[in-house]
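Shared between the two complexes below is chain A, which has chain B as its partner in the first and chain C in the second.
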Partner chain A sequence: MTAKSSYKVLPGPEGYLPPAAATMSVMLPDPGEGLVEGEIVPQEQAINKIAEKLLSAKNPTFFPGPLVLWAWKDGVIEKAVAAKELADVVGAKIIPMPDYRPKYPMINPEIEINPNHPNLTIWHNKIDVCVFVGVHCHFANIALKIIRGGTSCYTIALCGEMGHEDAMITLRDVKADTIRKITEAVKEMKAGGVVSG
Partner chain B sequence: MKGLFKISPGYEDVMPQEYLDLVNNGPYGKNYGVDDLGTFKELLEEHPLCAGCGLALSMRLVLASLPAPEDTIMVGSTGCSSLAFTQVAVHNIHSLFGNQNAVATGLKRALKIRFPDKVKDVVVMAGDGATVDIGLDMVMHSWFRREKITTIMLDNEAYANTGGQESGMSQQNAVLNMAPTGKKFPKIALPEVAKASGCAYVGVVSPAQPKRLGDMVRKAILIAREVGPTYLQLYSPCPTNYKFKSRETMQKIKERMESGMFEVMEYITPEAEAFLAEMKEGDKQ
Partner chain C sequence: MVEQKVLEPEKLFFETQRTELFITGSEVVKEAIKRANVDIAISYPITPQSESMHLVGDLYAEGYVKEYFRGENEFAVMSEVMGASMAGVRVFTATGGPGTLRAFENFPNWSGSRLPIVCAFMTRGVNAPLSIQPDTIEMAFMLDTGMIMFHAETGQDIFDMILKAYVIAEKTDVHLPIGIFMDGFFVTHTRDKVKVTPEEFKLPPYKPYCSPIPVMDMENVPVRHMRDPFVMKSNFISYAAHASWQQEILAAVERSRKYIYRYLGGMVEVENKNADILIITSGTAVSQSREAIELAKQEGIDVGLVKIKCLRPFPVDEIRELAANAKYIIVPEFNRVGWMCRELKSVIEDNSKVIGAPRVFGGMTMPPKLILDEIRRCAN
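What follows is the complex of A and B.
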């Protein structure tokens, strides 16, 4: 499938109510594909772009959600371990999203992120590239849109389902293996002389 | 039940302390009650409600009395309680103003299909405005249909976070910021309506009697699991709108009791009573 939209999903701040990328005709990728800034590309290309963005970031940060933070079913631990390994190889910080309670005004943006006001955590920690992994789709969607609306953070969503058009880069059907492929891409780039930002 | 919630390996160090406390010392699977307060990580410890808020006290006691918080889903509605609900460590749904019992009905039925072999408690906890005024239709029809849900009203006798309007539960002649000439009709007798509408258990209590409140919450939830709808009304005075000092909340309840304007009451159907007796017998064995 070819993306027909000319709308680019780029870092903001885009304003208080940025349009949902889907309403701008950005389509979700099919299996084996990824989405880079609103354009559908082969998954390999998207993986390389993720590796490049993570390595060029000043303060890359992973936001693991409840689907990987809690060992709630078989297979979760493998994915969680793979995500942790990727964060370690990149040298990224990990700030968890353990649940979706708004908790406002009690949120401590230094150590947690909340989908209802993710901008607080991004502003507080000066995060320039973030990775969502293990966040339920409906909360990832709202958080990604808020981040695009109010911050200049570059967003990457590693989705276990169909991907997120509101992220700047997204992969779909992400399993532990997919995350390990990103880790390999990062390692290869590092070996090729690319240095972390 | 030990190890009910497990953090994926490698993430223990980045989990905020609150979650570590909930995992290691929370009430999930422990069958704790009001007597155990102070010995475990509570489901609601911080909240944005006013100092001395009777409703906050009631919420704290209700949450400490849930027989199975890990398998409880609470449904709230618009009002003061919804401000604190966002920080409660139990699954909860905020419904539209007044819709709470309709939402709870759908939820209970869906859970029954999704988890046929598991007990899931659905507990509605909403203010007096949501329960007796705006949502009365949904509340009563859930009782008529004998939905197996627990309805808890946090009765602060006012619309407290919108400036202080009278509600159906305000006392006759009550004067509030937005009811300057006084309320013209008496407090609605919702417990009587609940009895007549098919509730298997109806109770009225306040946080001035925490142990009794805890016992009544457990009864209401256990009966709703097996027998039918239950209703609990918790008198929770509001210092902000009724203009008394925040330290006087308990005193206000006691004065109301002494004047005969507030009475603790319990009603239970023979079927519900037999169910509780059977349960107690089972516990003994």
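What follows is the complex of A and C.
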């Protein structure tokens, strides 16, 4: 197997065409774990780091994707409600990624983000920390690399499947309960005196 | 349909009581597909593949495969399995030699579309004048399609690799096509002892809603991701999206490594790894090398063997480590271009010790004595 990676998944702009973190030997977390800047950590540690990043952000923004925007199976509404509650507690904006078609001739970055040119929405809104939730894995990975390449935005991916190496922080197997744990962590930090950036 | 019980892959592969059969490689394909819970198989005949897909057609008649038809040609078949896979069902097909090249545009499309198609490639010569004989030249073309590639040496490899390919291909973080390559005639048309799992058990069904891309289901959103492709747009944004997309395919190939270890037991099999002379190869060239190593042993020459089971992803770290202490590395191949030798030379630090010989092609067999000649040259 490939040796442990020394590659760090950090905010960019990393450059013209940064590599996929997986090709730099960054591995996805196993169940019960998270990934913080390329390093596998216990899930609880990753949750606390997400709370810390969200609270220290000037303009945190959630990007909910199709998997939480439509009630296409049981549990989705609960998960969407949990994500909305977390965004509210943080004081974050919500800009949806309703589908994956490139938007031509021009996207309206006030109301929408697209995986093929996510940097446009991030630049326009001056987003410094973003959260992907409910985005299909392939499109999340495409967008996360473009964001790392061209912006200084800190990326967090809450994945219902196996996580995303190209996000700075990722959790896997994320359900409504997992999101509520992040909300609790945010509330605890706030109660402890941490104020939103 | 025949009633079969669904069994978790780990139990099916590693815990069930296996039965030994003495069957041809084509018949092994049938036995694997019988247990693979395949929704649709699409065929088009080409030697030496025709018999295997004919036998899969028998599985349809027997009630093990839900749908089956013969396509118009290889390009059509590979397009049709692509459509079926996009629609969210488990598919199987097979081809070989000129059929592989006729269908070629589809293979990078399968990868780029993140489709977990499993396809058997019964390799044969691609040549003018026409040859229908064994040759692994088509694998050289397939190396950069973004597909995961396994190379079977034996009938047992065919059985295990096909079934395990479905499990690896359908992992959300991988979700790529897998080609199981087998040397035409040498394994497809010869009998071998193969231990198969009980036929009353089959793999769990494919879960299309765990796919990293939206399944093309008109009842669920978003279904329209295929519209407005950015392929025709000439601007940096569309170039960057394409680049990131291609990187993601490479990333998905990388993620398959841990599953290849889990299910295939690793990317290589090694015997006598500390020998000064190592043979590194894949497919039936491994079998011929085993014979040559036995002959060398009778002459007092110690030779090690590395069988590469997986070509994409390539076992880079494993090969570097194994090659580090060898003085000579012999690479026998069944093709003219020596793609395996090129692959090895690209990753081994001191590649002057890699010997790209013996090499046979055009349907020729590889007598073990040819390999023994190379061993003797190294030993002297």
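Quick notes
Here, the second predicted complex is superposed on the first by the 194 of 197 C-alpha atoms of A that agree within 3 Å, B and C clash if a C-alpha of one lies under 4 Å from a C-alpha of the other, contacts with A are read in each partner's own complex, and residues count from 1 in each chain.
Criterion: a contact is a pair of C-beta atoms (placed from the backbone, for glycine too) under 8 Å apart; a residue touches a chain by one contact, two chains touch by 3 or more.
This one's a predicted model, so the numbers in the text were calculated from it and none came from an experiment.
In the superposed model, A:Thr151 makes contact with neither chain B nor chain C. Applying the stated contact rule after C-alpha superposition, one finds that A:Leu17 touches chain C and leaves chain B untouched.
Set against each other, chain B and chain C touch different numbers of residues in chain A, with C touching more.
When the shared chain is aligned, chain B and chain C each come close enough to touch A:Pro98.
Contact with neither chain B nor chain C is seen for A:Thr170 once the two complexes are overlaid on the shared chain. In the superposition on chain A, A:Ala80 makes contact with chain B only, while chain C stays out of contact range. Using the contact criterion defined above for the overlaid structures, shared-chain residue A:Val68 touches chain B, although it does not reach chain C.
Touch criterion met: A:Ile111 reaches chain B, while chain C stays clear of it. In the overlay built on the shared chain, the residue A:Thr121 is in contact with neither chain B nor chain C. Within chain A, the residues touching chain B in one complex and chain C in the other are 69-70, 72, 98-99, 101-102, 104. Here chain A touches chain B in the complex through residues 64, 68-72, 76-77, 80-81, 84, 94-96, 98-99, 101-106, 108, 111-112, going by the rule given at the top.
Of all residues in chain A, those touching chain C in their complex are 1-3, 17, 19-23, 25, 27-28, 66, 69-70, 72-73, 98-102, 104, 115-117, 120, 136-139, 141-143, 145-146, 149-150, 161-163, 165-166.
Taken in their complex, chain B has these residues touching chain A: 5-11, 14-16, 19, 46, 48, 86-89. Those residues of chain C that touch chain A in the complex are listed here as 114, 171-173, 175, 209-214, 220-222, 224-225, 227-230, 233, 237-238, 240-241, 243-245, 247-248, 250-252, 254-255, 257-258, 261, 316-317.
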